[in-house]
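I am attaching a structure below and will ask some questions about it afterwards.
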Amino acid sequence: MPEPGAGEPPDRHRHRLPGRGIVGRIVSRVHKAPGSPPGTLIHTGVRKVDEVRIRLIDFDSDSMEERTLSSIEECHGYAEAPRVSWINIDGLHDIPVIAALGDRYGIHRLALEDILNSHARPKVEEFDAHFLAIVKMLSFDEETDSVHAEQVGLIVGERYVFSFQERFGDVFEPVRVRIRDEKSRIRTRGTDYLAYALIDAIVDRYFRILEQIGDRMEELEEAVLRDPSVEVMQRIHHLKREVLVIRRAVWPLREALGRLARGEIKQVKEETRLFVRDVYEHSVQVIDTVETLREVLSSTLDLYMSGVSNRMNEVMKVLTIIATIFIPLSFFAGLYGMNFDYMPELHVRWAYPALLVGMATVAGAMLWYFRKNGWL
Amino acid sequence: MPEPGAGEPPDRHRHRLPGRGIVGRIVSRVHKAPGSPPGTLIHTGVRKVDEVRIRLIDFDSDSMEERTLSSIEECHGYAEAPRVSWINIDGLHDIPVIAALGDRYGIHRLALEDILNSHARPKVEEFDAHFLAIVKMLSFDEETDSVHAEQVGLIVGERYVFSFQERFGDVFEPVRVRIRDEKSRIRTRGTDYLAYALIDAIVDRYFRILEQIGDRMEELEEAVLRDPSVEVMQRIHHLKREVLVIRRAVWPLREALGRLARGEIKQVKEETRLFVRDVYEHSVQVIDTVETLREVLSSTLDLYMSGVSNRMNEVMKVLTIIATIFIPLSFFAGLYGMNFDYMPELHVRWAYPALLVGMATVAGAMLWYFRKNGWL
Amino acid sequence: MPEPGAGEPPDRHRHRLPGRGIVGRIVSRVHKAPGSPPGTLIHTGVRKVDEVRIRLIDFDSDSMEERTLSSIEECHGYAEAPRVSWINIDGLHDIPVIAALGDRYGIHRLALEDILNSHARPKVEEFDAHFLAIVKMLSFDEETDSVHAEQVGLIVGERYVFSFQERFGDVFEPVRVRIRDEKSRIRTRGTDYLAYALIDAIVDRYFRILEQIGDRMEELEEAVLRDPSVEVMQRIHHLKREVLVIRRAVWPLREALGRLARGEIKQVKEETRLFVRDVYEHSVQVIDTVETLREVLSSTLDLYMSGVSNRMNEVMKVLTIIATIFIPLSFFAGLYGMNFDYMPELHVRWAYPALLVGMATVAGAMLWYFRKNGWL
Amino acid sequence: MPEPGAGEPPDRHRHRLPGRGIVGRIVSRVHKAPGSPPGTLIHTGVRKVDEVRIRLIDFDSDSMEERTLSSIEECHGYAEAPRVSWINIDGLHDIPVIAALGDRYGIHRLALEDILNSHARPKVEEFDAHFLAIVKMLSFDEETDSVHAEQVGLIVGERYVFSFQERFGDVFEPVRVRIRDEKSRIRTRGTDYLAYALIDAIVDRYFRILEQIGDRMEELEEAVLRDPSVEVMQRIHHLKREVLVIRRAVWPLREALGRLARGEIKQVKEETRLFVRDVYEHSVQVIDTVETLREVLSSTLDLYMSGVSNRMNEVMKVLTIIATIFIPLSFFAGLYGMNFDYMPELHVRWAYPALLVGMATVAGAMLWYFRKNGWL
Amino acid sequence: MPEPGAGEPPDRHRHRLPGRGIVGRIVSRVHKAPGSPPGTLIHTGVRKVDEVRIRLIDFDSDSMEERTLSSIEECHGYAEAPRVSWINIDGLHDIPVIAALGDRYGIHRLALEDILNSHARPKVEEFDAHFLAIVKMLSFDEETDSVHAEQVGLIVGERYVFSFQERFGDVFEPVRVRIRDEKSRIRTRGTDYLAYALIDAIVDRYFRILEQIGDRMEELEEAVLRDPSVEVMQRIHHLKREVLVIRRAVWPLREALGRLARGEIKQVKEETRLFVRDVYEHSVQVIDTVETLREVLSSTLDLYMSGVSNRMNEVMKVLTIIATIFIPLSFFAGLYGMNFDYMPELHVRWAYPALLVGMATVAGAMLWYFRKNGWL
């Protein structure tokens, strides 16, 4: 059995299917070399798109412009103008582009490192001119019952919001729709509200995931009561672990949102905080629900185990009853099958019927005993 | 096995029986589209009544008026007058009515969203002119041993209390009776005391639920000791989960009441806080009891499992004893049933009785051995 | 199976034997109607004495008077005089007496409600002229191995201490003895010290309960090692639950004593706090011990389960050895018991002894194999 | 079965062997009567020495005097002189001596009570002229694998340290050696440093206990993997409980040392605090290790249980294979042993060899099936 | 069975293979004698290198010098000069060298004691002229699946950093490479940044360990699903414990880094703190991952146990089916093998075929029953 050794090239892992086992989603397979300087920019995730795509939305309460940019340089004019500019970057593997962006806007190297590290913990971190937010976007693959986390990084400055995604996603589409609507509140607010709206869109998705997991749980629970097969048990175990992925995404997010809501990040204005508190509370609710689902899953497993042990008992009882009745009877049959010359009973005429009656009596007595003891 | 896919219309869920499984009561099945603007008003619950019913009680220490309103507009005259006005709205599906109310009284959209979301977490939230309280009303269905939570939302202003319920309920009836009584304390106090009285009425109910669950537990426990059937075990498991529903309602409520009691919400006057602290302590007591009941239920399950494994042991012992005694004896019987020409023992006259005596001795020795080892 | 329905009269429960099951001691069976005004005075416990008994001790450092009062009115002269007056009331069912007392001394209705509710949580609560303390007096019934909690309520004013007990008890007798002694410290101190002395007398009792439970545990543990019967296991389970009753009494008490010790209640003087801290630490020690006892009980149960599963294994091994040796031998015996015309072995002279030798060899080989595998 | 009743004299317990079971080391068997005045001096432990021994060391940086005192009165001259006086008292049963000491140095009665109560929780408590420290000295009895706690009480004043031990011990000997050394740091410091040195000597011992327990664990673990007997399992259970005794000693000690290190006790000088923080950290490390050892023990028990259940499976498989092969074959042998007149097969010449071949085929097929399913 | 007694020389342990069992890595086997003065310098670890090696790097933004020193005296010129001097010492057994160093730089004896004690807890401690940091360097031995911790001690002054390692290691090599690079940030910063870089290099390694453990877990998990052998189970148990070693290293480190990040240590400059917060967050992430891995391992063990119990059930079912079908049939065969003179059935011509048909019917009925009950 070949074992992955320390000396093997890390590339070996890069081509593993993402999300095959839960361990691969918990433990980063790719990381910068230990001891390399902080802020070393390498994309520590699986490359999920071929090309980096940059989309810009630039708006204030009066006007709005929406474009796909062909190069990152194009965005500078927008980002430095007074209107709110939202630059969304899909794909994190083009390091020079991201490094250039960082240099231009004075984004701290550590912030860029976090954005590129797809195993970073959700957090908010304040810098001089902007703040960084790391959030996990979750999805549930109904095929394999597995939860996947994509990382979203936000750099929120006075006039610009940069959002970094690992692949093209449509989770922000509803926010775009709202921005396009002239009368929507988002048009009159600043970048902090936009950042809130993006985080809120991501957190809202969590409820959908919980619902999907809930549906799966109901199916499995029914299956446990109806027909507790090994496969069902393994699926419950599997689901219980998958919930760990959500947990890892939400617990630190809650902490980060709590900091935003308490006003620890100066870029978040007073009037936005009420909204942030709302999304904070949603994160708390997700945690509550996740913990409850875990308890329900544990209880379902207990139920399964009890069911299995119960069936086993039924099986053993049947065996015991049959064996206990027939083994003694067989002994007596064997006894009178012996070939001793001198066995006087054999020659008595009523011996055979008497033996039959005796055997029936013994069997009846045993059945009565079993019934009395509740084994039947 | 058809699986609920992401693409299926959410309406499929809307017609599920509420409370069929616990998962359905934990995970919201209906929610606003992810990314929709905060404060989007949709009723994220099951429509439980056909018509919205609005009841008004308007009182001060001198006089009292009680009416059923046919439209929400009628309440404005009352709510803005100096007397305390309590407007109770049963049924949450008529969004325009609630939105109009919100606009008129400057109720924040996020507050309305919480009121309409029947999976909101219990909480209190302060706004400029009023505060919001979300509380869960619990009921126990003795038919199915299940705990159901209805949401109650309160908007408490200087002169008005709006209470929103999912369906017609009578939990507030005793409060109405007290208001009708001219000499009762509630007539002399403000809206904060009224809000306290409403929350207190809800929390008082929790004790009744705990009692009902306690009764069921005693039944089941007796059953476990008397006759540990699979069905009993499943019911205990079921009950243990149902308690989770109470937990989810009470833990956040305690937090919210704690904030009220510590005076973090400015609308609650000093003299009302002693009462709030009382209901806060009741919530703590409910939590204490819930946790203790959970431990007792776990212990009952352990007892069940021990009982089952014990019976199993009894069964196995009987099998072992019977088999261990008779299998060797049968062998000897079989031995002398062989048809070899040359088997001298068969022709000895005392061989048969000797064999019988030998067999009896062996059986006796084994019984003695079993007794010595405590198997009998 | 008739089930207790919501519609049944609560009186049905009132006549249940107290303490029959633990659930009945955790969940209040009797309570005020939900929604009834706060401070509604009803005795929510089992009536444990026929008559209310009122005893007075009135003292200062110079003199002491001790009386049994025939009516509550008699105490007023004492309570309002400068000497320390301790009025002990046994029996809580005479609501008018208690209500009158409350009115006379300005005891808050919520305080009276707590005193009358025998399921109130231990706590201290400060009011203007006095403070309320709710403490649980525990006793251990050696007959049924069950822990019972009686509620003691204290109202501690500047010049009076009212103590309310559910039934006649002698736990305060040693305090009386000390008051009678002219030289004792208690004579020179105020009501706060008296209150401390009363609470200390109650908490001291807890250690006695722990000792009784410890004795029972030692018995059961010995029984587990000597002869692990089902009954022993059930008793351990039972004891483990009973410990929950102590926990419910002590955890909140610790919190309450902590508040007293930190000086949060202004009626407790600086010089008394050192003593309060001492009883606070006793409560912490009780909690420590309770938690340790719970762990020891869990471990005893694990030991029991291991013992049972071990015996089961022994039993199964015996069965397997016997069956594995004799079933094949029986087959061969059966083989040569067949009645085929043409079975040449039967007519060989040494066939029978050879078969016997062969059988012995097989049996011996199996025994050797079992021994090698450690089954014997 | 005689049960220890409430009415039995407490003396019955006094003669129990200390440390026989863990319960006896957790629950105090002897205590002052509930309700007796605080500060009642009785020795609530087992009398472990016949005579009280008092040793004095009196030193400053220049000189040192070491004596055994015949009566407590002799120490006063030393204790009140400017040099540091350490008076060590072995044996706690001579109440008048200790009471006299308390009176002379103004030691609070509650402090004395704690010193005499061998089940007191480790703590530090500040008084006017001195502070009290209660620490547990642990020892591990390799004979019985049990952990014993002896109580050490320290009264640390400006010029004196009184140390109270339950029996003659040598744990403080290294400290004496250091005091005798003229150049040691301890000679130049005050009583607070001496107290630190004494506590440090006690805590250092804990590491030795942990090592002893670790050694025992390694033995048992090896035994579990090599030969999982019931006795080994019981010893692991036993050890897991013994660790509870350490826990009970160290958790509160950590709290107490934390208070000392944070400077909450005014008698501990700034320059000593760094040292106290060091011993504080040792206590944290002991706790860390204890918790890890507990986890390892739990895991060893799990391993044992898995091993047992595995062996059981092996046994059952053998039984099943043997029975499944031979029971059907025996049936066929039995079939042709029947004595029906008309059984044509019996008279066919090749019937017997054919049957033998058939039987061998069936047995072979079954073996193949078992191998395919991984049962062999 | 010889048991390690208290009286055995501690040397016995010194030659044990390190890391053989986990207990040996948790519990220190060598320690200073209890009661010896604080700051007694002995190396409480296994001597891992033969010779002490001292390497110096001395740099500022302009120049850099790198040397291996033959004696510790050589470093003084560097350490006291204004440039940043990093002196790395591999090997801790040469006490006089380390003591001399301590005397020269005023390193507190307690700090030196911690550096030499290879079981010290990770921590930071502030002294006047420098601060001490204790960190654990982890490695994973793929041969034995065990995690080893080496201790690294740092003394960070204004102009010097002393690092102490137990053996030659290359974990700091990347830092050296960065220092050699003239343009790297590390050249322009002070000793606090260098200390951060060293700690960061160590913590970065932890992720590699987690990856290695993750790989092993995936292997084992696959094995559990494919072929749940005892050996696999033992390896999972083993791995679960090994994770404890990481836990013990990281939990206190997180606390220590938190203190650094919050600025509690004055030697860490404001501009370095952002970097420290980054490594702090890495430590939190390691903890998160460790806890999740533990849960996954537990779940894998549960899966294993379920798999085993399932196979057992399969085995038992086969036994039961075979026995239940053939035991009754054998009885009837035995019945007609009896030798009674008067057994009329034997002489009926169709009796034998009728019996065969009857037997087939019974067997068929039983199979039908088993299928109906889902046993087949």
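We just call them A, B, C, D and E in the order they show up, numbering each chain from 1.
Assume a residue touches a chain if its C-beta (ideal position, glycine included) is under 8 Å from a C-beta of that chain, and two chains touch if they have at least 3 such contacts.
Remember, predicted model here, so these are calculated numbers, not experimental data.
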Given subunit C and subunit E, the chains that contact each of them: D
Length of the line joining the C-alpha centres of subunit A and subunit B, rounded to whole Å: 26
Chain centre separation in whole Å, for subunit E relative to subunit B (CA means): 42
Overlap residues in subunit A, where contacts from two or more other chains coincide: 309, 312, 316, 319, 323, 327, 330, 334, 337-339, 343
Neighbour-by-neighbour ring order, given that subunit A leads and subunit E comes next: A, E, D, C, B
List of subunit A residues in touch with subunit B within their complex: 142, 171-175, 178, 184-186, 197, 200-201, 204-205, 207-208, 210-219, 221, 225, 274-275, 277-278, 281, 284-285, 288-289, 292-293, 295-296, 299, 302-303, 306-307, 309-310, 312-313, 316-317, 319-320, 323-324, 327-328, 330-331, 334-335, 337-343, 373-375
Subunit D to subunit C touching residues, read off their complex: 1, 3-6, 21-24, 26-29, 31-38, 108, 110, 119-121, 123, 125, 227, 230, 233-234, 237, 240-241, 244, 247-248, 252, 301, 304-305, 308-309, 311-312, 314-316, 318-319, 322-323, 326-327, 329-330, 333-334, 336-339, 343, 345-347, 349, 351-352, 355
